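Note that chain A is present in both complexes that follow, paired respectively with chain B and with chain C.
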Partner chain A sequence: MKQSLLPIIAHRMAILCYIVFALFPLFWLLKVSVTPNDLLYSEGVRMWPSRTTFDHYAFVLRHSAFPTFFKNSLIVSASTAVVVTVCASLSGYALSRFSFRAKYWIVALMLLTQMFPLVMLVAPIFKILSPLGLTNSLTGLIIVYSAFNVPFATFLMQSFFDGIPKDLEEAAMIDGATKFTAFRQIILPLTLPGIAATLGFVFTAAWSELLFALMLINGNAAATFPVGLLTFVSKFSVDFGQMMAAGVLALIPAGLFFLLIQRYLVQGLTAGAVKG
Partner chain B sequence: MASIEIEKLEKSYGHVSVLHGIDLDIRDGEFIVLVGPSGCGKSTLLRMIAGLEGVSKGEIRIAGNRVNDLHPKDRDIAMVFQSYALYPHMSVAANMSYSLRLRKMAKEKIGVAVASAASKLGLEPLLERRPKALSGGQRQRVAMGRAIVRQPKAFLFDEPLSNLDARLREQMRAEIKKMHGDLKATSIYVTHDQIEAMTLADRIVAMHGGVVQQVGSPLELYDRPANLFVAGFIGSPGMNFLEATYAGGSVKLKDGSGIEARLPTSIQEGSGLTLGIRPEHVVITSDGSGRRAAVELIEPTGFGIILHLSLHGIPFKVFTLDRQALAVRGEIMVSFPPEYIHLFNDEGTRIG
Partner chain C sequence: MMTATGSINGHSVRKPWLRRLADASEPYLYSAPSLILIIVVMLVPLVIGISYAFRDIQLLNPFSGGFIGLEHFRELSKDAAFYGALKNTLWWTGASVALQFAFGLVLALLLDKPFWGRGLVQALVFIPWAVPSFLAGLNWAWLFNPVIGPLPHWLFGLGLMSQPGNILSDPQYAMWGPIIANVWWGIPFFAITLLAALQAIPRDLYEAASIDGANWFQRFFSITLPFLAPTIAITVLLRTVWISNFADLIVVMTGGGPADRTQIVASYIFTQAFKALDFGYASAIALVLLVLLLAYSMLIILLRQTLLNKD
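Let's turn to the complex of A and B:
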């Protein structure tokens, strides 16, 4: 059968448009980060500067507090991702497999927490954390991020557990496993894609969170990188070159992380969607 | 190997009662088939024996010990699931040895046990494969292998063949029967397929609506069904039923014609009856005797021919090996040999 060329071209063009649209901001980030300061305003709008430089990168890495921000972000995001994934695996399993008295209300409550705009909660949370000495501390951030991400991650994990037939655990229990052994040796290995998806989701959410980081942290020592980026904005000028360079650097770990888990992620996000 | 006793067993979910007082004694080494339509409680009963469902009332004893409150892992039984429930992330060998590894058996012993089970089932060349890379029949074998690799007190089968195609089902059915002959293991087998029930069972337990309808050998159930449900469920094509009354010392059909049947001594004048006869026992007569029936449909099965008739406006089936039946048109004459007539009272219970 001879396919007509036109629809194929239209299809590819549509995809191309979408990709350009989605990736253009990233390209602009990269472009500004390699533009020397003297060309930034003098050349007008150009797709690529006539001369490129890596000075901004060198400055950000050597003379700014960026490495500290970066380390803080990594600690906060990774810890949050691990804490949330462990909690969500256990609670997601419980919601998927057990029936208990207050199940309906717990689920409703968890959904409810997802409906509040975060801004509303900043003040009360500050009030709670402050006497505990958890403001201006990475631990405080990890606790807050974990609390906010656990409900959604629980639903995500629950859908993965729902996709695994109950027969498998029952077979394991008849084979001589306790409920927990069956969970650990049979169910958990099969949920790896789901765990990867949850890890990735929570990691990026924590990596790019600004509001709480800004409110709960002051000073550079415990700042994460979204807060750190703001230090490039001073009262009278914005150092766009350095800010963009820092932005590009901040993208690297998130990009690497997704590269590692993308195989699981695609498999995972679709596996939860359709029972099969 | 062990006997299993079930006493006054009940199961309910909230207010919904699904099993009503089941009593059953299963002897050591016996092959029991639980058969019935879907929703009759047969799978629930099996899962209660396995320990996957709790007991609402009554008692289950395996080898004389009450197991009501024991976890599945402590009951020492093996189960083959309808979905096979193979562990997808483990090789065939690992699937089969999982129960032994959980019991911390020595590695060499595990190797020997897996090898012997694999050779029984012809799985040797597949031991390193993952379940994903197996055909349906092979998966079924692995599920069996996982059950026989340790010597459990009993084997439970939950519709193990219903995911296979007809040819493979026939083959596996024979293999299960052969395996039971070799192992002499107490087995409980759940199915809705009456051919599987008839061919495999030492005794069949026919269930309906959470109640045991009849327990007996396959031929007992076929020859002397205890009630209308069993009569209609066992046999294919199903038994024909005709309404009748007992009047003036004989059985009268709806059209008023009398019919010769072996009557029980205690029967009340004027009471309603149901008369049953299996399609294969109906005789097509050519000498003009018998009753007239209109032919509506002819189904050749190769082995024999199923004639769909209409008798007094009631659908009626005849199964015959006579190829000449293929040519019949319009009306034929059929007769019911008295020795093959089953009689049920108006509660559906067998009376003769």
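Let's turn to the complex of A and C:
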């Protein structure tokens, strides 16, 4: 039984369209970032410039505040990812393995935090953090981002814990280990993919956050990448090559993390979908 | 750590109450760090935010802070910009969700059956999801910019534009800019969730249907769609709420302009808090948005219940 070729060709063409649509904007970002300034306008719509240069990158790295923004974003995102993953592993474990009276309320509270517009918190959070000296500080941002990401990360970790048979820790506890030891030494190592996925997810979320960073940070010293790039754009909206070079640089950490965790994330979501 | 030692001591039969206490408090100790974070940074500000809606809170005015009752809401009911933003929110959310869902479903169907290179294709088409939203916004703003981007020239070449102009500064079409950026950015989310649901459909159902002579469309409408329905319902509901709150792309691409034509409620709240520094008014708008979204969610859930009961 030979399948006709037409559906296969149509299928591959459709896939190709999606790939082009998904990648073209990023390709353009890269293209403009390596186009020398004198060719920028004369070869505006060409797919690839006749000469390429890395001058824009060199300028951004040497003569602008972007290395500071990059460092700030890295500190904020990495710290948030670690704080959230630790908290979410613990609370995810509690939700997965214990049945206790307040469980229902904890789940309800976490769902509630996913329902209301976070924009609503911009003003009160500013008012609370400002007398504590936590506005214009990376610590303030880390605290805020950690709280925002804990609920989803908890559910994510819970679904990974649910996938591990209970017998494992019961066996360990019969051998005399406490529940916490069993959790630390047996369950956590088995959830490493889940931990990686959570780390990556939270890192990317913190790396992308814009509105609270805009509100809580002013001045270059504590600015994260989104804020820095946006101020740069609104102040000097002429040097496209440099802006796009900065854009490509902003893409790198999030992109790397995504490639690392993409497999696990689809896996985790699949597990969730099978259950639901 | 206290619990761990407590339960070790509790092994002796002499102190069963200590062990009981340790056992009972264990889940709470595990949950405590997360709960403290959520309560301090989200729940308390939420309550304060709701109270701001009834107070006069302006950051630069030291004499503000008094209780003014429903004054903000009275003002809001006469605020033409708010009604415009409400209308724009409907348009922005409706178009974004519909297009993201349609393209996401097609992509999920394309990726459902194994083919050579599927893993790579999957990684490539899901990349937009990893792009930080502010960068997605800037990236598309640059693509729409006739100085630097190709899109205006292509649209001009196709005869869709009388001259290569910037769609983002055209009051009539400006909203399409953020919507297209949002669709580009959001397709992977729908594709991933729908793909996961598709893969959970038992394969033998399709085989049985093929043997009975059902064609692709019959199989799609009688097997695939009913199986996907719960996932579709929940993702569309969540996504609708989420997108109507999602102001990043608009703040980055148009800032609500030209002439407020792309201002949605979420970006209007942000503008009031960030630029006008009128926290009280911003909170009042946020409260209205919250109530509207809750009403919408309730409506969908009720609708779903009635539909389920009918069957």
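FYI, the second predicted complex is superposed on the first by the 247 of 276 C-alpha atoms of A that agree within 3 Å, B and C clash if a C-alpha of one lies under 4 Å from a C-alpha of the other, contacts with A are read in each partner's own complex, and residues count from 1 in each chain.
Quick note on the criterion: a contact is a pair of C-beta atoms (placed from the backbone, for glycine too) under 8 Å apart; a residue touches a chain by one contact, two chains touch by 3 or more.
All values reported here derive from a predicted model rather than from experimental measurement.
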Partner chain in contact with A:194 - chain B first, chain C second, else both or neither: neither
Contacts of A:163 with chain B and chain C, given as first, second, both or neither: neither
Which superposed partner A:140 touches (first chain B, second chain C, both, neither): neither
Partner chain(s) touched by A:186 [first = chain B, second = chain C, both, neither]: first
Residue contacts on chain A - larger count, chain B or chain C: C
Touching partner for A:228 - first (chain B), second (chain C), both, neither: neither
Touching partner for A:178 - first (chain B), second (chain C), both, neither: both
Chain A residues contacted in one complex by chain B, in the other by chain C: 178, 181
Residues of chain C touching chain A in the complex: 3-4, 7-8, 24, 26-28, 30-31, 33-35, 37-46, 48-49, 52, 57, 59, 106-107, 110-111, 115, 121-136, 138-140, 142-143, 147-150, 153-154, 184, 187-188, 192-193, 195-197, 199-200, 230-231, 234, 241, 245, 247-248, 251-252, 266, 269-270, 273-274, 279, 282-283, 286-287, 289-290, 293-294, 297
Contact footprint of chain C on chain A as seen in their complex: 11, 14-15, 18-19, 21-23, 25-26, 28-29, 32, 40-41, 44-45, 86-88, 90-91, 93-95, 98, 100, 102-103, 106, 109-110, 113, 115-128, 143-144, 146-148, 150-151, 154, 178-181, 204, 207-208, 210-211, 214-215, 225-226, 229-230, 233, 240, 243-244, 247, 250-251, 254-255, 257-259, 262, 265-266, 269-270, 272-274, 276
Partner chain A, residues of chain B touching it in the complex: 50-52, 71-73, 77-79, 81, 83, 85-89, 98-99, 102-103, 146
Of all residues in chain A, those that touch chain B in their complex: 165, 167-168, 170-178, 181, 186, 189-190
